[in-house]
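So, here's a batch of structures to check.
In what comes next, chain A is part of two complexes: it sits with chain B in the first one and with chain C in the second one.
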Partner chain A sequence: MALILLPLVFSLMAWFVPSAFTRLFGLFATGVALVWSVVAVCYFQPEEQILIDFGLRFVRFSIDSLGFTMILLTNAVFLLVYLSNFTGKIVNDRKFTALALLMQFGLLGVFTTNTILGFYIFWELTLLPIFLILYWFGSFDKPRALLQFFLYTLLGSLAMLLAVIGLMHATNQQTYEALLVADINALGNTSIWLMGGFLLAFAVKIPLFPFHTWQAETYTKAPVAGTMLLSAIMLKMALFGLLKWVLPIFDGVATDFWRWPIITLGLIGVVYGAIVAIRQSDIKTLFAYASLSHLGLIAAALMLHDDNTNQIAVVQIVNHSIVSIGLFLAAGIIEQRLGTRQMSELSGIAKVAPRFAFWFGVLTFISLSVPFTAGFIGEFFLIKALFNAHAVTGFIASTTLVLGAVYTLRAYQVPMFGPSKFASFQDLNWSEWLVFAILSVAAIYLGLAPQCLTDFVAHSLTQPTH
Partner chain B sequence: MAKDLTLLLIIALPLIGFAINGLVGKKMPKTLVGGLATGVVFAAFLLATTLFSGLHGTQIVNLFNIIDFEQLRINASFQIDALSVWMTLIITGIGSLIHLFSMGYMSHDEGYYKFFTYLNLFIFSMLLLVLGSNYFVLFFGWEGVGMCSYLLISFHYNDAEKGLANSLAGRKAFIMNRIGDVGLLLALFMLLGQFNTLEFLQIGKALETNTALQGGAMIFITLSLFIAATGKSAQIPLFTWLPDAMAGPTPVSALIHAATMVTAGIYLTVRSNFLFELAPFTKDIILYVGLATTLFAAFMALRQNDIKKVLAYSTVSQLGLMFVALGFGAYTVALFHVTTHAFFKALLFLGSGSVIHGMHEEQDIRKMGGLAKLMPLTHFTFLIGTMAISGIPFLSGFFSKDEIMAQALHHNPVVYGVLVLAVTMTAIYMFRLYFLTFQGQFRGGEALKSKVHESGLSMTLPLMVLAVLSIFGGLLNLPGLFFKGTAHWFDHYLSHGTFGLSAVHNAHLDFSTAMGLMLFASAIAIGVFIWAYLTYAKKGATAKADDALTGWEQLSAQKLYVDEIYNTLFVKPLLALSDFIGKVVDIQLLRNGVYALADGILNTANLTRKWQTGFLSSYLFWMVFGLIIFVAYYILKLSVWH
Partner chain C sequence: MDSIIILFITGLIGLFAGMSKKPVASLLIASFGLIGAGFAAYYRGSYTSPFSSYAAFVPTQGIVIILLCAVTLLAVLGGFKRYKNDDEHTGDYFGLILFSLCGAILMAQPNDLMLFFIGLEILSIPIYVLVGIDKGSSTSAEAAVKYFFTGSFASAIILFGIALLYGATGSFQLIEIQSNLAIGIWQSPMAMIGSLFLLAGFTFKIGAVPFHFWGPDVYDGASNAVLMYMSTVVKIAGVYALVNVFGQVFRDSYFFWIDLVSLLIVISMFYGYITAWKQTSFRRLIAYSSIANAGLMLFALADIHNSNLFLFVAAYALATIALVVCNQAINDDSDHLANWEGIAWKHPLIGIALVLALFSLAGIPPLAGFFGKFSLLWSAVPHVPYTAILALIASVIGAFVYLRLLLLALKKPSVSIRIQLSAEQMLVLALTSVASIGAIYFI
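Let's turn to the complex of A and B:
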């Protein structure tokens, strides 16, 4: 339990830390959380799950291997976000630290709660801090840009709330295990509507086309730390919800109904995001659309609801977190040093900042899913699963290989290569370097030994459902 | 040493070189960096020769499982057989020579250690490609060499003048290769669907027992594989990246874009022979694509004035020739030409590198001439390379090309006729290149002439070794008409030691036809040589400026405008589509639609005037507050109701 509550405690403590120590405190808090979860996972038997039950109706937690994977991912992401912004101003702000840690708590809750209402509550709990972070630290010149994000989210949340209530009402159950065995198919069309409610909330968060328009603007105008939190971990809530809750529970009539509509939207996102990314002039916006493309693939593959594909999807989820931290860090570094994100104003950085050029290059190739990186395994097997479902879907998904190369290489080459426009560019400092190195090692490790992760999560993904 | 250990060492050595140079190469002295990189590849070559001499049947070495699911297992495993060992010999043998050459060629480059790091990574990836025992490991290597190719083409991205062009050339190569990779990916999925495995041997054996797997599925699989091959091996329609890839340093052009990586498509086809044999339709496609490529590329080479561009189009053309052989199902013939081509094209590229190095980075043959006296060793070896590729009798290219021509004559006289045209053009552009570069008067000015120098031993030694190989490479597979005992050694070696190939037989011509064929081919090569001597050496003809060309010369110099056509047909529409979707659909339609909706909601609630005047925080606060109340209400209600 301490595993989940720790960030909440730290979040409250953050208000009382002297401002000179805020950044150290943040690093300490996220570091402790990560170490704690790493220790916990060492004692964890993946065949079993940890159940935390206080005898309260709605407050129940259970941690299985998928949950543990997400906990580790969350805690690692937070530490990396702290590290990568360590020399920035934002981490020295206690408002940010308190909010970020609160968000971490909310996320851990989402990934470990055992009740469907708890899932909803923690889902909502993560929204408050990110809104405030965006509002206080973002550069939203017009309120309606932020309002757009808010409205979308609100719409999704309302739909999900109705679905949660409906589901509890219809089945008279609320824990994960009870919902799994409940006879949802007997509900007929109602189950389709209920699943639709969840899917609407997830479609906004994944995001799926056409519910994505908040993403590019929000990513671009958020502070880099906020963009990282959003894309590396917070939006993973939706994929997690799909994988852990919605698909197993609604297995049957509803999933069959929604499978192809969602796959279609996911694949539209794959192609649409990639094509839009090709001509973006703002490097952060470009990466936002790239994200749309990458996540559409995962969402589409998840809808196949096949054990092995789900396991690989987890690899790809982790890979996407690695890629988004890395690429947004690179974009942030460029913006922080040069004060611009416009590709047309950037050129020849590699010459003045070779170390940055190297690590940004490594992350670029990780994002391109070259061999020996997690994305290679992930993309190969996800596209294979889609191909097995239907040759055309596989073919559409595989265009990401080509289009991805077009926009990713442009995003790297235009700022880095060519004649140098800048006399000086402060090269990576130790914390930025460390983040890039950790990300690269993680991606390569998963690329060579994906089995360690797929086997681990298999314990919770291959349970016999009804 | 056990074979499996030898094999793993062969693969591991370049990786070790890569790791050491990559991590600490920056701080090491240059000779150590280059020596280490060259040493590991050469050591791998020596180990490969022991594999070669002890070759006996096919052996699989399983390293570990990459993916082990209930229904699907993919291993990191390797295969020792005649084909993989032969490719390994070429890669490590020619590879170590080119590494040695690079020690001299790159000696003044600030990215010296980086260059050798990439080069070793390339060798490692290429070895994975040819040594893998299944299509997945092959795909690993396939993508890996593509990445290394990108890194090495755009190696001089910082160059003040050409930096941008170099990096664009790298990008073009990567993207065009990725188009081919989609083909490979789809082929792999279909193979998995049909056979539930990607192991070459298992697929081949499954096909032996199950004859039902023919027709449609096989055509799709083999066509997809061939699309992959057109990407990597620069065939129509995906060939335009290779000439641009000459932006990379010349040793890279020799190693990756002539001797090894670009032959991966031929390797893939030979390796998959048991699939292609079941899809005659695909073989026909291969034949005609190869034929068109060899013809058009040879035509484009006629009026190129960049020494490396001539060789690049020549490579495309020669690869096309190999595909023609594959189209006839003459797998060993294609691989024989892969081998001899690796010798003489590596020689020609390294020779051009030596010229460029000696000419202080000048690549335009209009500014060369008379280099025979200034660079005697380079001249002599380059001449041998030119003669070998042009098919001067008894050099390596003569024999390997003759085999292909013989297959063509046997199967389809029209194809033979077109090949004669292509082969004639090959001799024409090669001798034109040779005479304009090495004979006649020096045209680069006195200042440059005084600085031109012959290259050092680390560069000329590989040239000499390759020259010897280019002369005697034909001995590997002598035609049957003179040398009954030793003839067709290579055909036997390959077909007896490679799965599927023993079932395929090359066509053999009767004595008089074969004899006539050789005499005719010799006549062409020697005739062109004499013509070129008269035109360029005696009459002193020189290359014209590009804008002075008309008619066919202009078409050749402008490469049939293929780049321009692709630009109009594919690149520009894609960019326009991107602009349209990004600006119109995404922002104006979708995003502004949501804005309008948001404004509508706010207006209806008559909140705009009061709340939208900058107090976003309170406005946010109320929304979140409302949400919390809402949630709390339901929690309470549900708890009671429950």
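Let's turn to the complex of A and C:
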């Protein structure tokens, strides 16, 4: 119970912390949450489930091994976000601390809830704090871009709300276990529409190709911490929803109907995101489109819905969190020190900041999915699965390896090498260095021993379905 | 019955207490009356009232009476500041509001159309006076006259509908009307036209399209203190009466009017939210938002046996009162939306209450507005699925409206000026905030 409620309690406490201690409090709160979840996972048997009930009619919780993975990921991401901004101004603001912790609570709710309405409630709950964080700390000149982000997600969410109501009416069930065994295929076309409602919400959030237009501008204008929260963990809600809820529940007619449309959109996103990323001059926008490309691949592979691919997709989800924190941190460091993100104005940073150049380089290679990193395992097996489905999809998916190399290396090489335009560039401080080191160790560890994660989540991904 | 008696007596006392030039006395008397009426409604089932022979006279459920009393209590607490220094009208304000509430309780869930009409008039007439209570202001007088004429017109339409129904069935009792209609009379032109007249009158009273046009002008002319009452209690009582009359009487002609009601829902929501988008005056914005919300309330008609109206109207009333109290704190004279810039920073309680109220109106979980909308749609979706889809699209536009207001209110000012809130205003804001979060325990 404390596992889920701790961030909420801390979030309320954050309003009363003196502003001199706000950043320490944030670090303490996210640290306690992470330690608590690590301790809990040590006592957790992967075969079992922990049930939590607060006495609410529509919201109950159960934590299985996939849920635990996501809890650990969430808590780790929040700690890393705090660490990486520890010298910045944003963590000294108690509004940010309180909202970020509220968002953490919402995310933990999404990953652990056991009822379909609870999933929707927590899904929407995360939107509220991120909206205020973007508004207060972002650099949105006009509210238009911000409203676009909010309304896109809200439109998707309302489609999901209709689908949730429809699903609850059609099956007369609300818990995950009961929905799994309910006879969805008997609904015929209705089940296709219901799944479409969920998919619209997920497609906006992931984002898939035609629904991605909010992403680049929001990422670019958001504060670094906000971008990290969005891309490292908030978008994972959609993939998690696909993996845990929608695909197992709608297994059958509806999944068969939507499989190829979604794979197509995902692969268009892979190629389109990569090509647009190559042409970007703003380093943060470039990483935003790179994110579109990477997530399209995961979404396409998830639609194949076989157990091995799902396990590997979890590895890739974790890997994408690592990569996006690292790359957006690097972009944030450049912007904070030099005041610009335009690649044409950047050059030769490596000469004046060797430590930053080294760790940014390591993260670049992790993002390129070189062997012995988690990305290699993830991309290799996901592309292989898409090859098995159809040779053409496999071929299109594998272009990400080449195109990804082009934009990632360009994003590294242009600012880092060449004649140095800047006399001084304050090198990494201890907290940024620590974040890069943790990310690199995690990615390499997962690359060497992915089975520690895949075996762990296998228990909740290989449930018998109807 | 006890509730009405308590309200009437405390209303009278409050009216005369106003002459004592001690406004707090009137407020205390009115509050005691409202709380007492709520308790009387709560305990109605468990003791034998000396008026128990009249129990059937006021069939309104205890929970609805409690809701009406609670909302009125919040409204008079929030509006007190306006009349504190206005010796001439303190007593009038409390007295008229309590008298009007008697009518609301009488009409909310009637079993007799004649009684319903009396309740409707008792509800309406004090409000005509309240809108024009600000005698010096020409907009207020204009609003009062406009509201009086259009309101009497709507009452006449309802009365005509009742007369036609009486002609078709020979009774004012809802049960008898229903049983007479059920044997096939509902297809007679007289009954059908009667039901349409009733529907038209009701849409006027709750302010849904196509009889919404009085709303913006009247809301604009009324003071914030009166607006708090008339934008909430009138709507709650009206929509409960509508659901009760249609749910009981016109059950058999469901397929005759449900398409019409669906159309009204969709047009009200789109019209209300789209027009609210460009408003520059706060009370007009609230008026258009209330038109859209009236459209949403009509969803209760889709499932007449099981209309989950309570949470939605409660959430709507709480959020609206919180917004109007905030508006009153900064904007009691000019009412320009431009004054809203940065008001969330002027007092922490205003900030919290505003964020919660606007997100609640936009329907973001886990706030009360979401659960209200959810429970309404929950029973409506199987009956009118396409209307529900259109309504959700309209809600996105609505979210636009509320977020625009929120962004305006949250804009960080260069110099932050703190404003003072009176104790009652802080109490209202705190109560509405707690209630909009606590709603999660009521689903």
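Odds and ends about this structure:
Throughout what follows, the second predicted complex is superposed on the first by the 463 of 466 C-alpha atoms of A that agree within 3 Å, B and C clash if a C-alpha of one lies under 4 Å from a C-alpha of the other, contacts with A are read in each partner's own complex, and residues count from 1 in each chain.
The criterion applied here is as follows: contacts are C-beta pairs under 8 Å (C-beta built on N, C-alpha and C of every residue); 3 or more make two chains touch, one makes a residue touch a chain.
Remember, predicted model here, so these are calculated numbers, not experimental data.
Touch criterion met: A:T213 reaches chain B, while chain C stays clear of it. When the shared chain is aligned, chain B comes close enough to touch A:F395, but chain C does not.
Of the two partner chains, neither chain B nor chain C is touched by A:V181. Contacts of A:I121 after superposition on the shared chain: both chain B and chain C are touched. Once the two complexes are overlaid on the shared chain, A:L12 sits clear of chain B and of chain C alike. Of the two partner chains placed by superposition, only chain C is touched by A:G166; chain B is not.
Contacts of A:F150 after superposition: both chain B and chain C are touched. Legend: residue contacts after superposition of the two complexes on their common chain; A:C452 is shown touching neither chain B nor chain C. With both complexes superposed, B is the one of chain B and chain C in contact with more chain A residues.
57-58, 117, 120-121, 124, 127-128, 132, 135, 143, 146-147, 150-151, 154, 161, 165, 168 are the residues of chain A that lie in the contact sets of both chain B and chain C, per the superposition on chain A.
By the touch rule above, chain A contacts chain B in their complex via residues 57-58, 117, 120-121, 124, 127-128, 131-132, 135, 143-144, 146-148, 150-152, 154, 157, 161, 165, 168, 210, 213-214, 216-217, 272, 275-280, 289, 308, 311, 348, 350-351, 365, 368, 370-372, 376-377, 380-381, 383-384, 387-388, 394-395, 398-399, 401-402, 405-406, 409-410, 413, 416-420, 450-451, 454. Remark: chain B residues 65-72, 125, 139-141, 143-144, 147, 150, 154, 157-158, 160, 163-164, 167-168, 171, 174-175, 178-179, 181-182, 185-186, 188-189, 192-193, 574-575, 577-579, 581-582, 586, 590-591, 594-595, 597-599, 601, 612, 614, 616-617, 619-620, 623-624, 627-628, 630-631, 634-635, 638-639, 642 touch chain A in the complex.
In the complex of the two chains, the chain C residues touching chain A come out as 355, 359, 364-366, 370, 374, 377-378, 381-382, 385, 388-389, 392-393, 395-396, 399-400, 403-404, 407, 410, 412, 440-441, 443. Those residues of chain A lying in contact with chain C across their complex are 56-59, 117, 120-122, 124-125, 127-128, 132, 135-136, 143, 146-147, 150-151, 154-155, 158-159, 161-162, 165-166, 168-169.
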